[in-house]
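Chain nomenclature is as follows: A, B, C and D, assigned in order of appearance, with residue numbering initiated at 1 for each chain independently.
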Amino acid sequence: MRPDLGVAFAGLRMKTPVMTASGTFGYGREYAGLVNLSAIGAIVVKGVSLEPWEGNRPPRIIETASGMLNSIGLENPGLERFLEADLPWLVSSGAPVIVNVVGRTPTEYREVARALDGAPGVAALEANISCPNVEEGGLAFGADPEAAYGLVAAMREATSLPLIVKLTPNVTDVAGLAKRVVDAGADAVSLINTLVGMAIDVESGRAVLARGTGGLSGPAVKPVALAMVYRVAAAVSVPVIGMGGIWTGRDAVEFLMAGASAVAVGTATFVDPSAPVRIAGEIAEFLARRGYGWVGDLVGVANPGFRAGRPSRLADEDPVRNNQGGTLDD
Amino acid sequence: MRPDLGVAFAGLRMKTPVMTASGTFGYGREYAGLVNLSAIGAIVVKGVSLEPWEGNRPPRIIETASGMLNSIGLENPGLERFLEADLPWLVSSGAPVIVNVVGRTPTEYREVARALDGAPGVAALEANISCPNVEEGGLAFGADPEAAYGLVAAMREATSLPLIVKLTPNVTDVAGLAKRVVDAGADAVSLINTLVGMAIDVESGRAVLARGTGGLSGPAVKPVALAMVYRVAAAVSVPVIGMGGIWTGRDAVEFLMAGASAVAVGTATFVDPSAPVRIAGEIAEFLARRGYGWVGDLVGVANPGFRAGRPSRLADEDPVRNNQGGTLDD
Amino acid sequence: MGVSDNKGTWRGRAEVTDSRRLAPSGPAAGYSESNQARSYHRLGLKAPEVAGRVRPGQFLHVLCPPGDPRGHSPGRPLLRRPLSVHDADPQAGTVEMLFEVRGPGTAALAATLPGDVLDVVGPLGGGCFPVSGDDRPSGATAGRTPPEPRSLTAILVGGGVGLAPLLLLARVLGTARARVRVLAGVASRADLVLVEPFYALPGLSGLVVATEERTAGAEPGLVADLLARELSELPGLRGVDPGPVVVYACGPRPMLREVSRLARGAGVEAWVSVEERMACGVGACRGCAVRTTGRPPYRLVCRDGPVFAAGEIDWGGAEP
Amino acid sequence: MGVSDNKGTWRGRAEVTDSRRLAPSGPAAGYSESNQARSYHRLGLKAPEVAGRVRPGQFLHVLCPPGDPRGHSPGRPLLRRPLSVHDADPQAGTVEMLFEVRGPGTAALAATLPGDVLDVVGPLGGGCFPVSGDDRPSGATAGRTPPEPRSLTAILVGGGVGLAPLLLLARVLGTARARVRVLAGVASRADLVLVEPFYALPGLSGLVVATEERTAGAEPGLVADLLARELSELPGLRGVDPGPVVVYACGPRPMLREVSRLARGAGVEAWVSVEERMACGVGACRGCAVRTTGRPPYRLVCRDGPVFAAGEIDWGGAEP
């Protein structure tokens, strides 16, 4: 019997527990020729802001040991253009769409959330309060539990969509931070965003990235990400979405066992455009080999303190709730 | 002309700016047959506690992408045995010796510091308030600036040796933490200790390490370490010792340019026992190729906000101060 | 067009048909001490899906074999590496790359052997060197009517390994019956291996080589000086009416900037292929931004380039 | 002795003289489906500094070529890998390793070719299989007078690739004129390649093989069952007075535990070679701790072992 990969949690319905990580999959279209979008659990788009953002001065990318630093600076064409051009195309492609939201002020976050609330085909919002590559917004909110609380509360008011809050790893107490955003109304938390990192060009004697530091992602950060997912899944009651360095189905299973209800794949997609689909397949192989019938049975098994939300089977869910734009083939 | 690698700072005199990282070089003797100890800038020994510590249950080591997790738990034979057997041997080998100090309580830290104060051949103490692998001590002090302040103040009272404080990267604000330990009397700060990380054995469905999480080191963490050194070197007035993932002379130069007066090499030594000497040689090659006469001229060049302490040339130092056990060949 | 959906992009396994270090040949051999021992490599791949439709200036995104074979850089290469298509043979279904060994990625590629298989994505690059009107990159300075290739004088300016994509360009332009002149600049005698493939090209109207060091058979100096002279002689280019003239260039940024300045001065259209570090190669990550003179200020090398109208690039001081 | 200064340890570059996959031979070939396709590899190295003085049970710490050749594990192998010395030829100056391909490190080693050069540290291991009194590991249960090899009956118990170090041990014991009996346990017929080298060994007094699956030429079952029978027959071991008997074992932990239990039950001295993940290999990192019944509770596999007196290991439940 083919193991069941479908999961439902926090109002999301996904045919596999593997989503794309925001900022690494554009608006889906860029990868359309290279991977079957409708086979992806959910597509999380690049951060969308109220107005267009330019992004940072190049270079924006540098490879490091088993990882990469980026300093994109949330370049994006802004809400209007997203709603007009990017979203309709993506929705028509068949995968549930999660919109990553960024802003300079709580008001901007709220405005974007409000505008997306009615947008057809948006399955959930992900509040990015954890980008290390912009002066305002981003980490400014994300590293201070009280600022994060205020921001999430403002968005919560503005939307009835499932609200995922994306946490930064650059804090002493990620579990405490997670609790506060849940208090403020988050339906789920996702982590980790990138670690603050740096590289210096010894020939020029200058930081490689124009802003000095950037965000580290890729296999290098996986152990850190896994430890944080483990801690958060023992601290909050909502479902957790895990990410950071996932390369293979085995990596994904580690995150599920640590307590994540779903995972996201970022840097790996740059190397293997089909990673979000390949990894789901590898999870299925693992389940089959070990005799598990449903992927949800892995969630939290390696975490003695696990108390986060669990996914349910798609079949168990009221079909009426499946109004979030995902086409399901079961 | 052969470039000058010697540096003096915080009362330390080192013929190269490359030291060993605590816990990765034992008490020196273990590597004696494999590298010329007297060619190493300084040897930082494994953490020493008042009483012997058993360490953690195995497995204690796991390899990760470009890194490793350890959960040694500061196994060490205790102060008495160190003073009797390990220290005298090491001092006779000719490298300046820095003793890494650990404890369960501020009193224990202070006792060890006091006992080492008079010990012949000890060049400096390094307070390890940042080990993620023990219940008490370690991170409990290191992640809370006020607890760190108290601990360092207690040690400061007990010793007239140069006091280096080793910082954890597992905090929101490493620069703030650094400032507090300097306020408390640290002569220098070293960073980074390991990042909290984890691995799960998907076959058994359990954390690989008995304590769940461990400490991540190696090239994977270098970008994070470099960013933190950069931040701290722009925040404190004392010299900074940089470490985390240094593999080559080029890596070491990055840390020096970020603002470190010296560097330490840990995980690399497991792979290449001669790493602390090889890396010094590679720094010298870089200096020669680029026409630098002295390694100290690199310190902080890539850090516009640099304000940390700088090393001075060995020759400029009052020779009378060279009482710390190092044999210098100049 | 903005976002491309990359529907036409191929991702697959390409067999290495040829992998060889380019050793200096002829009289230059053995004289390379003056040069910091640069090493160049030619890689042939069986990739009919690419060979049949690659346009000059497009590139492949190549997954390098794991591990730096020199052992220097743990955990690298990790990301793919962009490499221009140097030549293509649609009949044989093969493409060639020509690259300089710089770091772990190119070192790993240089260690491949014929028969090895590489994971490749391509051809990529929404903006190629325009040969006919259809090729015009999406953001190209509007308003100009592209000259017919048959009436065109094309001046190809290549610096160092920047010569790589110009071979395919010269071939395609030659086939389209343009008048093709190649100006090649290299650091030293040992780098002349980069110029050799152009000698084999049929019907070049001219090939002039500059080396930074003084070397027999090449002019001393920078390739930009060659271009300056070429452009100054333009109106009657050695007695022949050149018709419309277009400059195509690829090489280090300072060279491109100078080429751009010279072309603007001479009122001649110029196209430059620029480089940026890449992650995705398909326009998704916004990593390969290049600063332009337009609004919004950044365009993407992988999606909008790598070839841009020279006037579109912001060559400004802040970004060296 | 506590801390060893490893003065005698060699670190250098060893040329690969032999590198081959061990394919099942003879009637077993082609019957391996029942087995999860384990793959074994033999690696020969030119390393006179090791070959001349390695003792049975010691190991080399091998720097594997960079990059997982299977492409699965970015950034691995990073650390060295410990491998027991399987055989040594002091005259030829060569040593052999026999290993199972498990992850990135062993896969990278299996991809080496003769002529490649590996960075090796060794021989390591302060506690080797004791053959004479001098070999007694530092922490060995005191008080016993080691038997003279000439009067000794040695029972070597190997499980799977744990047979690797027993070949050198059998050779050394044989040369010292001990009576050597080998009990080998493998999972399936395809794994019998691990036993083959023992057939070539002169003067073995016995070689009994157990396979977990039923196979011609081997007894079905676990190797511990063979040992149980052997020990129960001991007093008159097939009619011959065995003299003093010593058990030497290497293999998976559950097997070693069972061996240990059986030997204690029979009142026979037993030595086991255990494994732990290693970083430094020289006693510096305290990473390879193994829990013992003594005080302090941990000893180091790299420095105090890998061979320990069976009674010294804490086989307790908490550490599976």
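Rule of thumb we're sticking to: contacts are C-beta pairs under 8 Å (C-beta built on N, C-alpha and C of every residue); 3 or more make two chains touch, one makes a residue touch a chain.
Fair warning: this is a prediction, and the values are worked out from it, not measured in the lab.
Shared contacts of chain A and chain D, meaning chains that touch the two of them, come down to B, C.
Chain centres here are C-alpha means, and the one lying farthest from chain B is C.
Looking at which of B-C and A-C shares more C-beta pairs in contact, the answer is the pair A-C. One finds 47 Å separating the Cα centroids of chain B and chain C.
We define each chain's centre as the mean of its Cα atoms; on that basis chain B and chain D are separated by 37 Å. Chain C and chain D have centres, each the mean of its CA atoms, that are 56 Å apart.
The residues of chain A that reach two or more other chains are 64-67, 218-220, 247, listed in rising order.
In chain C, the positions touching at least two other chains are 74-75, 78. Across the interface of their complex, chain D is touched by residues 65-69, 71, 74-75, 78, 108 of chain C. Taken together, the chain A residues at the contact with chain D in this complex read 65-66, 218-220, 247-248.
On chain B, the positions that touch chain A within their shared complex are 64-67, 69, 143, 170-172, 195-200, 202, 205-207, 212-214, 216, 218-224, 226-227, 230, 245, 247, 250, 253-254, 257-258, 286, 298, 301-302.
Those residues of chain A that touch chain C in the complex are listed here as 23-27, 29-34, 46, 52, 54-55, 57-68, 70, 72, 75, 85-86, 218-220, 267, 269-274. On chain D, the positions that touch chain B within their shared complex are 2-9, 11, 63, 73-80, 119, 121, 276-291, 296-298, 303, 318-319.
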